[in-house]
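Listed below are the structures to be examined.
Common to both upcoming complexes is chain A, partnered first by chain B, then by chain C.
After this line comes the complex of A and B, so read on.
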């Protein structure tokens, strides 16, 4: 198994490396919205002194950490896998004795992530000097605690997206479904603004959804804003959602593969 | 007249193509409504925490959203689909057929694909502008509204010219299929007044990728923040950039040698 993973890594790394210019463009594309939100909210905080207790520095640190968490927990499953179900190239993967989504697609996504993170580090440093955040209240323990939380967040986000992508077995409109799902993430994850500034109703619903595990929860961990009870609660909900995501993905996948008849068959 | 006839036949062809995907059209419009809902919600969240954003009120941001959506619609309905077709035609050499037509090639490259259902988006954008202008109240004069319309058109022409230059670069660098990503990436900056951005970002969205010229600046005209010299200046920038783009396009065409030769 180790050998298989090593080989898969080499292949997928080489594949992603081939498109490194595209990766930089992707990075640029992905960067713009958080920077704009940052600019909007710091301008409001500067004009009013603070927004609901959030100072300009709170917003700057929030969005700069958000860039890191989003980079780690987000995924591109729909793009590397959706078309394979639609055009039938999944067949070649299905006859291999390994699960396509949990091996090669996952490794391809991780290779993509590692490359974009490498490109992202210098960009982040430039942003650091442009915005000059005050990170003095960030403790090492928070950063260490956030690492497993981000990995957990990535796994949940990966499996949920994979489950949605697997809907392509039934419908050709899977990209539209994914766009709707993406809007849910935007609304409930804390991507637009720290959750406490959202309407009360949105905050309440967000408690019962997995999306804050992707963004809001790891950011709060890094910034050291959570009590130990909240930290435990976050991890527990992360594990519960991981279980739900595994079951959901498995169920959709099994039924989908049964339905699958490759294009041309 | 000739141009209009051509435009209407392009339009007819594209309507026929989109009629083959009726259900997709409905899904697309629903998703579009969903994003409108999100945009209004996010403005509502901003204004539940403050009464002005960079000095601008809620109504003015609604009008800005309208202008942004107008630019966005032009991008989505015309610019992206035609870019895709253009890049493809450079790669496989089908650009030959475009040049052979007895019509201005820049015109053909701009309008041969039209995403028809986006007309709906255009109506929405104009509605938002009208509602926004009404909300922002009594201080707007007819002159301000006229300069607003003039500068919104100018700004759109500036962005269009930049697009022509970017795709014309493909004549020199054949493998340049990322030619419009920079435009696409920075487009979202048009949702908010550029005056709230840090200086470096304001410089980028005003001078390098002039999204703000088509969004923030017309709104500033509506607010009466621009004097007649500035309005004239922006108008001239629009004219000059269009002329420049035409020249770059012609120079590029001379470089084109087909894919197989």
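After this line comes the complex of A and C, so read on.
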């Protein structure tokens, strides 16, 4: 298995590297909205002193950390796996003795991620000097705790997206369903604004959804804003959602492949 | 000994959505879809012994690819049974997947963006091929297909023939015992076709692998297969030796002539006129194999011939003809 992963990595890394200019454009596109939120909220907070207790520095640190968390936990499964269903190239992979989505697509996604993060580091440093955040309250323990949390967040987000993408076995295209799913993430993950600034109802619903694991939870971990009880609660909910995501994905995948091979792979 | 491939009453019916053209029909079908059953494969029976090379023939849409897909496990049949190497293909057991290969001439399995060498190494890992065995197999494949010069270029920069060689090699690295080849020589020039053919014959001899292949080129089939299976409209029409078949239906040749003032000459007295979509400049007639020399000299004597070709009729036509008669 180690060799498979190593070779998959070599292939996918080389493949992503071919498209580095494309990746750079994607990175720029992806940076636009968080930076706009960052600029808008800081100027509002600057003008009013604070927004619901959030000062300008709170917004700056929140969004600068958000850029990192989003980069780590987001996925591009819909583009890799969805496309393979649509153009039929999944057929070739189904008759290979490894699971396509849990091996090659996953590694491809991680290669993509590593490459975009490399491109993202200088951008982040520029933003850091531009906005001069005060990170003095960030502790090493929070950063260390956030790493497994982000990995957990990525796995959950990857599997849920893969499950939704696997609906393409029935519908051939899933881009619109996926857009809707992205809107849910935007609303309930803390990507748009920090969750405490959302209406009470949204905050309550967010508690029962996995999306804050992708963004809000790791940010708060890094910024050291959670009590021990909240930290434990976050990890527990992360593990529960991981279990749910595994089961959901497996179920949709298995039925999907059956259906795919019934209609003409 | 039990045969390597056993197919019993294998059937596949697709449900294909169907609607009339036009906007109204499009709207109606959005709410209520009509389906039509298409019987792609109907109760086909055959069995193939270990080491046999069998040509699988039939016109477009006859059910060849569907059958190959069922035998390789990609498709669930709607009826019947199949067993390959003792496995039921569509259970997709890893042991089965490691023992067979499906190469489709019209589908790429190699990644476009990277050199084939990298994909090969990936396959080595996926199929758990030990290093020494991998090196040995690669050496053999390289001898037969001259792969080495192609290995370092990204696949997208290879020519069609070069890519096909790599595709076939990639599908054989794990030394499959059963090969399903769907149009392995499609789009290749003659040298390319001959190369692949020789290679397959040699591979079969060396490894004793069982091969089932489809092809549109009669030459592929005559060069490789002693036995052919023909299906037409999903039904098995012929299963037997290739020599028997050519006696039965293929003692024809096609003569194509390019004439000055083509329309003013009537060729029907020389043989049956046939249309050839690919080469509209020429007129084609079909004649019995034994009459070729006589009719050719007649044509050359009687008519202002610029150019003349004598070819085997396309296998598709032969089969189509045989079963429409």
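In this section, the second predicted complex is superposed on the first by the 259 of 265 C-alpha atoms of A that agree within 3 Å, B and C clash if a C-alpha of one lies under 4 Å from a C-alpha of the other, contacts with A are read in each partner's own complex, and residues count from 1 in each chain.
In the analysis below, a residue touches a chain if its C-beta (ideal position, glycine included) is under 8 Å from a C-beta of that chain, and two chains touch if they have at least 3 such contacts.
Here the structure is a predicted model, which means the values were calculated and not measured.
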Room on chain A for both chain B and chain C (clash or fit): fit
Touching partner for A:7 - first (chain B), second (chain C), both, neither: second
First, second, both or neither for A:96, with chain B first and chain C second: second
Which of chain B and chain C A:136 touches, first, second, both or neither: neither
Which superposed partner A:228 touches (first chain B, second chain C, both, neither): neither
Smallest separation of CA atoms, chain C relative to chain B, angstrom: 7
Common ground on chain A, meaning residues reached by chain C in one complex and by chain B in the other: none
Chain B residues touching chain A - in the complex, by the definition given at the top: 24, 27-28, 31, 34-35, 38, 41-42, 45-46, 48-50, 52-54, 178, 181-182, 184-186, 188-189, 191-192, 196-198, 200-201
Footprint of chain B on chain A - complex, ascending: 21-22, 25, 28-29, 31-33, 35-36, 39-40, 43-44, 47-48, 51-52, 130-131, 173, 176, 179-180, 183, 186-187, 192-193, 197-199
List of chain A residues in touch with chain C within their complex: 3-4, 6-8, 10-11, 14-15, 18-19, 88-89, 91-92, 94-98, 258, 261-265
Parts of chain C lying in touch with chain A, wherever the complex brings them together: 14-15, 66, 69, 72-76, 90, 92, 94, 97-98, 102, 104, 107-109, 111, 113-114, 118-119, 121-122, 124-127, 154
